[in-house]
Amino acid sequence: MFGTDDERRILWRHMREPVLTAGALLAMLGINVALGATLPFPHVWIVELLVASAMVVTILLFSMEVRHEPPLVKLFAGIGFFWVGILFTMTLVDYLSRS
Amino acid sequence: MSMGAAETPVGVKLVSHFATVEQQKRAAVLGMWAWLLTELLLFAGLFLTALILRLLHPEAVQEAARHLKFWIGATNTVVLIGSSLTMSGAIQLSRLGWPRGMVRFMLATAALGTLFLGLKGYEYYADYQEHMMPFLGDRPYELKDSPPSRLFVNLYYVATSLHGLHLMTGITILLVMTWQASRPGFLAAHQNRIEIFGLYWHFIDLIWILAFPILYVLNR
Amino acid sequence: MNPTDLALQLWPPAASSTAVETDWLILAFTVLTLLLTVPVFVAITWFAIRYRQGEEADRSHGNVRSVLIEISWMLIPFLLTLIFFVWGARLFFISKQVPGDAMVVEAIGRQWMWKFQHPTGQSEINDLHLPIGQPIKIRMISQDVIHNLYFPVFRMQMATLPDRYTEMWFKADRTGTYRLYCSEYCGTDHSKMDGTLTLMTQADYAAWLQNSGAQQGGQAGAGRVVYESYGCGACHDPGAKVRAPSLAGLYGSEVKLADGRTVTADETYLRDKILNPNRQKLAADYKQVMPAFRNVIPPDDLDRLVAYLKSSGATAQQEAKP
Amino acid sequence: MSSGTITDGPALRDPHTPDSRLGHDADYLHAEHTLRSWFFTTDHKRIALLYLASITAFFVIGAVTAGLVRLALVVPDGQVFTNDTYNKLFTIHGVVMVWFFLIPSIPATFGNFLIPLMIGARDLAFPKLNLASWYVFMTGALFTLASVILGGVDTGWTFYTPLSTAFSNTWVVPALIGVTIVGFSSILTGLNFVVTIHTMRAPGMTWFRLPIFVWTHYATSLIFLLATPVITVALILLIAERAFHIGVFDPAYGGDPVLFQHLFWFYSHPAVYIMVLPGMGVISEIVPAFAQKKLFGYKFVAYAAIGLASVTFFVWGHHMFVNGQSDFASVAFSVLSFAVAVPSAVKVYNWTATIHKGSLKLDTPMLYAMGYIGLFVLGGLTGLYLATLAINQHVHATYFVVAHFHYIMVGGTVLAFLGGLHFWWPKITGRMYIEAWGRISAFLIFIGFNVTFFPQFILGYLGMPRRYHVYPPEFQFLNILSSAGSTILAVGYIFPMVYLVYSIWFGKRAPANPWDAKGLEWTVPSPPPAHNFLTEPVAPKVPYDYPLQARETGRQHS
C-alpha cells in the first residue's frame, strides 16, 4: 500500500524495530501458552513467570523506548516495579510465616 | 497511492507557561510515566490479591483457573501485541511526518483494541452460559462445591473489567485523536501527543501481558 | 460491678508478671523519651529567650563539624530506642509461647457480646471468672465481624477473627475484679461489648464452678444466645419492624389477655407462650403472628431461653436497645 | 491588566516598600473579577485559594463533629446520642478530617500556591490538570459528604471488613465511591508537583538550591503517586464486595479480612507522611526566617524528607500487631518502624540547631512552629511506644492511639498549616493581620490542644478503648478534662478565622517581604502578579542565605 520504493525503504527502516519487538513478544507468548497448555513439569509457573517478566522488560525497553530515554525516565519506569516489590514482599512476610 | 510525497512539518507548539518546547515535551513524557506508575500499583493490588488467594486456597484457585477460557485469553494477547505494533507504527510515521499513514495505523490500533473488547465480551458471554459468574447471586454457579473458587473467578472479573475499562478509555482517546490528526496542521503542533498516548497504550498492553499469565496460566 | 471506686485513676492495676514488666518497659521508655526531648524543649525555650532579636548575645559561630553532629543525633537516639524494640519483642515472644499446662478457655465474640466457656463446660456471657496462679490460654474466634478481646489488667489483647482461631495466654497473680473490653470497633453496640473479669484463688474458682448461682448466670447467658439465634429479637426487640410485646421485665408481671383475663407471667406461662402461642393466651392489643416453637426448640434450649427471660439480664438488655 | 508601566523588577526594589505603586489591578487577585475567572482559572494561585476555601469548610464540618463527639463523652453512660448516632459522628469526623482536610491541606493550598513561586516557574506543568483535580476533589468530597451526612456511615474511617461489607446497614458504597474519586485528585496533584519540580525549575535553580518546602512536597507527591492507587484498588474491591459479594475479604467464602487491612495500611500509613511531610516543609521555612539564620544541615534535612517517604512504605504492619498478622511479620514491621525515628530526629534536632545563636523574632508563625516542634516530638516518640510490640499489645486501639495520632496530625499538620497560613498570608492576600490576635490564638490552640489530648494518653494506658460511646465511670474525670480542653481549642480555631478574614478588607497593606525572609516567593510583590514574575527570577546561590549561619564543615553547598 505504500507508494515508492524509497518510501518502503524508509518505512522498513523505521518499522524494523517494532516488528522485531512484536515478533519477540509473540515468540515468548508462544512459549508461555505452550507451557500453560501442556504443563510439562511441576513448578512450571516459575518458568512462566520468568517469560512474562521478559515480555514486560521487552515492552518497556523497546516498545516504550525506555532505553533511549534520559536516566530520570528510566528511574520512573523502574521505581514502580520496586514499589510493587515492597507491597508483595512485606505482605508475603505475613502470609508465608503464618502458622 | 503515495504516503509521504508531501511530508508535513513535525513539531510541538509552545504553551505559554513553559520556557522551551524541549521543557514542555519533557514535562509531558514525565507526566505520563508518573501516571503509569499509579496504573501499575493499581493493578499490583489485584495481582497481589490473586497471589494471596492462591496461597490460601491452592486447589480451588487451580480449579477456577482451569475454567477460564485459556485460548481466548491467548488470542487476545496476540491481538494486543498486534495493536502495540500498529501503535508503534503510528508513532514512527508521526515522526516522519506522514499523517495519512499515521492515521491508518491509529485506526488499525483502535480496531485491534475493539477486537480485544469484542473477544472479551464473547468470553464473558461464554462464561455466563457456563454458569461461571458466581457474583450473580440468583444464578447457579458451576463450581459450587468449591466455595473459595468463587473468589478467584470474581477477582478475574474485577481485574479484566478494570483492564477493559482502561482499554475502552484508550480507544476513545485514540479515536478523538485520530479525528484531530486527520486535519491538517496537527503534526506541526501536537506531534508529541501521539508519543504520549503511545506510552499509555503500550502500558495497557503491558498490564495485560502480566494479567494473562497471572490469571490464566500460572494457576492451571 | 464496679472494679474501682476511684474518681480519678492514673495507673491501671496489673495482675500478671508480664503486665508488671510491660509497665517497667513503658516507664523506662518514658525516661529515655524525657532524656531525648527535655533538652530539646529546654533548648528551644532557652534559645528563644537568649537569642531574641535585640538581645545582646554572642552570635558568632565557630566551625561546626556538622556531618559528625548529624550522624550522632541520627544514630544515638535510634540505637537507644532499639533497646526497647528488643525488650518489647522479648515480652511479645513470651506472650506467644503458651505453657503446656495452660487451662484452655474458649471465647466467642459476636455482635455485641462475649461468650466464654470453661474447660469444665460452664459458660458465661460477658463476664469471666478465672483462677490465679495457673496459666490460662484463651482460644477465640468470632461469629461475625472482627472483635478484639482486651484485658487491660494483663496489658494484653488479641483480635478474634471470623475465619480462624487466635489465642493469647497469661498467668494471673492477683485476685480482684477488673474490666474486659472489645477494643476493635464492631458496630452499633461496640462500646457495650465489655464485661468484668473476676480473678479468684483456685479454691474460690473451684467453688464458683460448683456454685449453682454461677451456673444459673451461665444458663441465662446461654439463653441470650438462644434468644439471638432463634431471631426472637426481630419481633420482640423495641424498634423491631413487627410490633410484638416487649419482653423486658415481663417475668412476674401481670399480663392482660385478649379475652379480658389477667394472668401472671410465670415460668409456665413463658414456656407455653413459646411452645404454642396460638392457645388462648394472646396478650391484649396484639395480633397473633408468632409461630409455634413446639418441636422446633429443643428442651435444653428452652430451659436456657426461659432462664434468660427470667433474669434481670433480659431486662437490662431490652432497655439498653432504645 | 495594566502592568506595562513597570520598569524595575521586584527583585531590585527595597523589599519593605509597600507595592501600592504597582497598581493593584496587576496582581493575581485583581487581574479579573468574574466568577468564571475563579471557577475556570488555571492560575495555580487561584486554584490554591479554591482549595483553601473548600478545605476550610471541610475542616469546620470535621471540627463540629469532633465537638459533638467530645460532648457525648462528657457523660459515661452515653445519654447524649444513640450509639448509632455516635458511631456516625466519629465516622464523619474521621473521614472528613483525613481525606478532605489533612491530606489535601498543605499540599493543595500552600504547595499549589508556592511551588511555582519558589522554583521560579510561571505555573505548574499542567495547569488545566490542576484545575481538574480541584473539580475531582470537590465531586468526590461532596459525594461522600452527602452520603455520610444524609444517610450516615458507621464503619469508622478505616472501613474494616467484614463490618463494612456484610454487617453495616448504612450508606457505605456511596461513601466509598466518593473517597475513591478523591484519591484521583491526590494522584493528579502529586503528578503535577513531581513533573513541575523536575522540569519547571528556573535556570540555575539546582536541587540543592531548592527550599526544603519543595523537597518535602516532592517526597509527598511520590507518596501520592505510589500509595494512592493501592487504596483505590482496595476500595474498588470493597465496593465490589458489598455490591456483588465477590468474597475476597469475606470469611464466609474463605476470603481473608486481614488482606484488606494490608492493602488499606499500605496506603494509610504512608498517608500519615502525606500529612506530616508538608508540615515539616512549612516549619523548615518558618524557623530560619524567624531566627534569621541559615537552616542547619540543609542536605540532611532534604534527604530526610526523601528517606521518610521511602521508609514509611515498609512499616504499615505495625497497625496490625494484634490483628491476626503472623508473629514474624509483626517483629519485622516493629523493627522497621523504629527506623522512622532516624529521619524524624534529623528534622527536629536541625530545627533546634537552627534556632541556636539565631536572632529570634517570636511572631505568630514562629510561635506556631515552636508549638509544632513540641507536639510533633511528643507524637513521634509515642509512635515508637506503639511500634514496641509489648506496649502495642496493651494500648492498641485505645485512647493512647487516639492521642498519639492527634499529636501528629493536629499538633503536626494543623499547627504547621496555621503557621504557614500566618507566614504566607501577607503574600497570598497582600494584607497584614493583627499580630497580637495571632499570638493569642497560637497560645490558645497550644494550650487547648494539650488539655484535650494529653489526658487521652492516660486514658489509653488505663485501658479505655477508642470508639467507645459508653465507658466505665472511672474514666469520666479525664474525659471531662479532655472535652473542656476541646472548647479552648475551638476558641483558638475561631480566632484566626475571624481576624484573618477581617484583615482581607481592613488589614494593613503588606510589603513584598514583611519577614525579611529568603526565597523567591518573597522577591515578588504581595500579592504576586498574575504571571508570578515580572522579571526573570534569579536563583539564589545558596538556599536560606540568611545573615547568620554556622560554618558547617565536612561538606559544601554548591
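Order of writing sets the labels: A, B, C and D. Residues in every chain begin at 1.
Here, a contact is a pair of C-beta atoms (placed from the backbone, for glycine too) under 8 Å apart; a residue touches a chain by one contact, two chains touch by 3 or more.
Computed from a prediction, not measured in an experiment: that's the story for all the values here.
**Student:** Which neighbours do subunit B and subunit D have in common?
**Tutor:** Looking at subunit D and subunit B together, the chains touching each of them are A.
**Student:** With respect to inter-chain C-beta contacts, which pair, C-D or A-D, contains the greater number?
**Tutor:** Of C-D and A-D, more C-beta pairs in contact link C-D.
**Student:** Would you mind pulling out the distance in Å between where the CA atoms of subunit A average out and where those of subunit C do?
**Tutor:** Each chain reduced to its C-alpha mean, subunit A and subunit C end up 53 Å apart.
**Student:** Let me have the rounded angstrom distance from the C-alpha centre of subunit C over to the C-alpha centre of subunit D, please.
**Tutor:** Here subunit C and subunit D have centroids separated by 35 Å.
**Student:** Calculate how many whole Å lie between the centre of subunit A and the centre of subunit D, each centre taken as the average of the chain's C-alpha atoms.
**Tutor:** Between these chains, centre-to-centre, one finds 39 Å.
**Student:** Among the residues of subunit A, which are close enough to touch at least two other chains?
**Tutor:** 72, 79-80, 83, 87, 91, 95
**Student:** Two or more other chains in contact with one residue: find those residues in subunit D.
**Tutor:** Within subunit D, residues 198, 226, 230, 254-256, 258-259, 327 contact more than one other chain.
**Student:** Pull out every residue in subunit B that's touching 2 or more other chains.
**Tutor:** 30, 34, 37, 40-41, 44-45, 48, 52, 56, in rising order.
**Student:** What pairs of chains are touching here?
**Tutor:** Between chains, contact exists in these pairs: A-B, A-D, B-D, C-D.
**Student:** Sort out for me which residues of subunit C touch subunit D in the complex.
**Tutor:** 2-12, 18-19, 21-22, 25-26, 29, 33, 36-37, 40-41, 43-44, 47-48, 51-53, 57-70, 73-75, 77-78, 81-82, 84-85, 87-93, 95-96, 111, 144-146, 148, 150, 152-153, 155-159, 161-164, 166, 179, 181-192, 194, 322
**Student:** In their complex, what parts of subunit D are in touch with subunit C?
**Tutor:** 78, 82-84, 87, 154, 156, 158, 160, 162-163, 166-168, 251-252, 254-258, 291-292, 296-297, 300, 322-324, 327, 330-331, 334-335, 338-339, 341-343, 345-346, 348-350, 352-353, 355-362, 370, 373-374, 377-378, 381, 384-385, 387-394, 396-398, 458, 461-463, 465-478, 548-555
**Student:** Write out the stretch or stretches of subunit B touching subunit A in their complex.
**Tutor:** It comes out as residues 1-5, 29-30, 33-34, 36-37, 40-41, 44-45, 48, 51-52, 55-56, 70, 74, 77-78, 81-82, 84-85, 88-89, 92-93, 95-96, 101, 198-199, 202-203, 205-206, 209-210, 212-214, 216-220.
**Student:** Enumerate the contact residues on subunit B facing subunit D in the complex.
**Tutor:** Contact set of subunit B toward subunit D: 16-18, 23, 26-27, 30-31, 34-35, 37-46, 48-49, 52-53, 56-57, 60, 134-135, 137, 147-148, 150-151, 154-155, 157-158, 162.
**Student:** Can you tell me which positions in subunit D touch subunit A when the two form their complex?
**Tutor:** 198, 226, 230, 258-259, 262, 266, 313-314, 316-317, 320, 325-329, 332-333
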